[in-house]
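Since the structure comes first, as C-alpha cells, the remarks are kept for the end.
Letters A, B, C and D mark the chains in the order given here, with residues in each chain numbered from 1 onward.
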C-alpha cells in the first residue's frame, strides 16, 4: 500500500495539529525535518476539526490548516469536519 | 505527426535555417570521454572550409586546455559524423564530405582516458 | 425563520457552481473557443470536483493572514540586516539563480492560469485556475520582495526580468513555460497543474527551502513555506484535472498519457538546475539531490501512478532514465556552470575538501570515480592562476535547451547524442525524451530560440562575447560573473565578518 | 568593538533593481513598484500559441489600443497581491459581521414579502452578471500587457466572483438557506423579460476578442450603469419602501465599487491621454456599448427603480467619461 503524507511548517499551531493527527491516526509516522514536520501513513490519513480544537482549546476551521501546510500527497477530500487523504490501491 | 492547433496548418518559423547564419553553418564537435569540456561545442563555420581547418584551428581552440591534448595521435583518432563512423578528408570541404548544417562530429582518442583515467 | 446551517459542500455548490447558466444569445463554442481543438472530450463539466471548495471570503481571509505574517518577517529581516546571517556568501548564489530562473516562472504561471481560468467551460475548474493564477502572482511578488533586500547587498539580482528573456541558461526554464503556455488549455493543465505542480514542485521547493533554513536565510524560508501553503491547493487541482479528463472519456487516456510522458521529462530536465543548487550551492547541506529525488519523485510518483493505474495510466516512459541519472545529474550540471562561469550572472566555485567528502559519501558509486579527479584538476588550475573557463560555446539540445552535458548511463563518460531530421534540417537532442518530444511536434520545436545559435546569427548584441554578455545580457562583467573567489560579493562578505580573503584560505588549505 | 566597521560596510550597494531604478530613479523603490513594473516577459518567445498561431505569447497586438509604454499606468490604490488581499480581508470582515448580524437578528423576517420578492427578482440575478464580469476581467489578465495593468484586472475578476458569492448569500439569507431564492433568481435571469437585455449584453461581452474593448464594455460602461442603478438607486428605493436592512448587505459592493472606480478611471484616462488614435478608438467602443447597455438595462431599471432610472445612471457615466477625457 502507498503512503499518504502531509507536511506542516514547524510552529506552535502545527504542534497541536500534529498531536491531533497522531491521535486520530495511531499508525502514522511523524518525521521532524529542518523547519518542517512530515507525517506519513499507509493508505489514509484524516485530520479532524474536533480533535484539533480539543488540542488547541479553541475554535478552529479546516481551511486554517492551509496557513501552515507545506505539501501533501494523496487524494484530498475536505468538508467542515475533516480533511482526508487517501490512495486507492 | 501534425500538431493539434486551433487552426489548420500550424507552421512555426524555423529559426535556425542555414540562411540565417550569414554564409556559415553550425558545426558541433565533441571529444569522447573528455568531460572536462562539459558538452560538445558549437562553431559557425563556412561549408566551404576544408576539414583541415577544423583540425588545425577549431579543435585546438576548443580543446587545447586539456592536459592530454598534446598527446593525441591524430592518425589513431576515431571519428563519427552524425552517429556513423567516418574518415575525414583533410583537403575536401565540409560540404563535399557530407558535413552539413548542424552536423555533429565526435572524435575518440584511444589510450587517452581523460584526467586520471576518469573520462574527464 | 430558523436558518439551517449550510455545509461546505452545499455552500460551494450554491455559491460557485450555481452561478453558471446555459447561454442562449451566444453559442457555447463562441465563448469557449479553445475547449475542443486538442482532442480532449468533455461530456459533463458538472462532474468536476473541487476538493477544497474555497470561496472568495475564505480566500481573502486566510491569504491576508499569511501575507501579514510574511511581510512582518521581511521587514524584520531588512531591519536587522539578515543577509549577514546566512552561512556563507556563496549561498546567496542559489537565490540569484532562484530569482532569475524560478520567479519569472511564477509569473508565467500567473499568465497561464489566467488563460485557462477564462477558457474552461466549467465554472468549478475556471475558478480553481483563477485562484491559482492569483496565487502565482503572489509568489512572484513575494519572491521579488524577499530578494529585494539581497539585491541591495549582493550582485546578480538586479536585472532579473531582462535576463530571463535572454540569458542562455534561463532559456531553459523560459522555454519550458513558453512551451506549456503555447499549448492548449488541457495540455497546459497536464504540463503545469499536474506534472509540474503535483509531481515536481516538491523537488523544487521543499528541499530547497529546508536548505535555506539550514543556511540561515530567513527571508527565503519564509516566502518558500508561505508559497508552499498555496501549493497544496495547486497540487490537488493538478490531480483533480487529470482524474477529471480520464473519467470524462476513454479517448482522453492516450492523449493524457502522452502529455504526462512529455511533461514529466520536460520538467525533470528543468530541475537539473535544482539538483545543482542542492548538492553544490548550499554550504550547509540538508539532503543530496539523489535523496530528495528518491523521496519526492520515486516514492511519491510510485504511489501516484499506482493510484492512476485504474484509469489505464502508466508510469511515464522516461522515469527510468531519470532514476538512472540521479547519481550523475548534479555533478554534470555543476560542471556546465563551472565551464561557463564567465557567462553566468552568479558565481561558481570548486567544492572544498570537506564538501567533496560529503559528495563522495552521498554518491559512493559515481563521485570519486568520475567527478572528483576532474574537480581536483580544476582546482589545481585555479591555484595556478588559470581558473578554467570553456572558451567555446556549447552545443544545446533543441528541446530542453540545456548544453549537451548529459551522458549515456551505460557508458557514463560518453555524451548522449540524439538526432532527427525534419523538413531537410538536422536537429540535435540530449536524450530520447527530448528527441521524442520533438518528433511528435516538430512544427513547434523548430521555433526554439536557441541562445547559442542566436549569438552566432548576430541577434544578441554583436560578434564579441563581451557585447553579448555585457550589453545584451546586461551582466556586470567582472562583478556578477566569474568565480566566487575574488568576487566583490566575497570581498564585502569578508569585510562584514572581518575574514581573510578566501583565496588565502584556499592556499593555506592546500 | 566591530560595530563601527560593520555599519560602514553594510551600506547598500544599490537601492533597487535596475529596471525600477531606470524608471523611478536611484532610490529605494516601493513594494508596489518592485512588484509591478517591468517584470513581465517581453522578448524571445519560443513557440507560437497553438490556440492563436497568428500571435506570440504576451503579444501586445491583442488590443487595437496602442501604448508606447504599457507601464505608463499606475493603480492609484497601489495594489500588489499583499495589499490587495489585506484590503479585501478588511472589507470582508465588516461584511461578515453585517451578514451575521442580519442573520442572528432575523432581519429577513422583518422584511415584507413584497420587498423580499423584489430583492430576489431585481438584485439576486445580478450574481450571474458578476460571473460574466469575472470571466471578462480574467480575460484581460490573460491577454493584456504589463503587470501594472493585468494584476488589477485579476483583482477585479476575483472581486466579481466574491460579489457574486455575496449576492448568493443575500439570497440564502432571504430563503433560510434553502436555495429557493437562488433558483427563482436564476429563473428570472433566464426567462424574465426584464433581465433578457442584461443577459444578452453579458453574453455578447463574452465573445469580444479585443481585451481593451472588454474593459470598456464591462468595467467602464456596464459596471458604471449597473452599480449606480442597483447599489445607489435601487438601495434608495428599497429603503423608501421599508427595506433599509438591505443596505448592510450591499455595503461590500458599494465600498468595492468606489475603490475599483479609482482604478478604472485612472486606467481609462492614461489610455485616452496617450494618443488621438486611442481616444477615437475608445470613443467608438463607448458609444457602441453605451447604446446597447442603455437599451438592455431599461426594462430592469424600470421594474427595480422606475422610469428615469437609466438616464440618471447615464449621467453618472457621462461624468466619469468626461473626467477621463472622453
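Here is the rule we use: contacts are C-beta pairs under 8 Å (C-beta built on N, C-alpha and C of every residue); 3 or more make two chains touch, one makes a residue touch a chain.
As the structure is a computational prediction, the values presented were derived from the model and not from experiment.
More inter-chain C-beta contacts link the pair A-C than the other of A-C and B-D. Rounded to whole angstrom units, the spacing between the C-alpha centres of chain A and chain C is 27.
Separation between the centroids of chain B and chain D, computed from CA atoms only, is 57 Å. Our note on geometry: chain A versus chain D, Cα centroid distance of 37 Å, whole angstroms.
Rounded to whole angstrom, the centroid-to-centroid distance between chain B and chain C, based on C-alpha atoms, equals 30 Å.
Among all residues of chain D, those that touch two or more other chains are 47-48, 50-51. Shared interface positions of chain A, defined as residues touching 2 or more other chains, are absent. Looking at chain B, residues 3-6, 10, 12-13 sit in touch with two or more other chains. Touching chain pairs in this entry, ordered by label, are A-C, B-C, B-D, C-D.
Residues of chain A touching chain C in their complex: 2-4, 7, 9, 33-36, 62-64, 66-80, 87-89. Within the complex, the chain C residues that touch chain A are 7-9, 51-54, 58, 62, 65-66, 202, 205-206, 209-210, 213-214, 221, 225, 228-233, 235-236, 239, 286, 299-300, 302-304, 306-307, 310.
If you check the complex, the residues on chain C that touch chain B are 33-34, 37-39, 184, 332, 335-336, 338-340, 369-374, 377-378, 388, 390-396, 403-405, 407, 412-415, 417, 419, 423, 425-428, 439-441, 443-450, 452-454, 456-458.
Here chain C touches chain D in the complex through residues 1-6, 10, 14-16, 18-26, 30-31, 33-34, 37-38, 55-57, 59-61, 63-65, 67-68, 70-71, 81, 84, 104, 107-108, 110-111, 114-115, 117-119, 123, 126-127, 130-131, 133-134, 137-138, 140-142, 144-145, 148, 151-155, 157-162, 164-166, 171, 174-175, 178-179, 181-185, 187, 444-445, 447-449, 454, 474, 492, 495-496, 498, going by the rule given at the top. Those residues of chain D that touch chain B in the shared complex are 47-48, 50-54.
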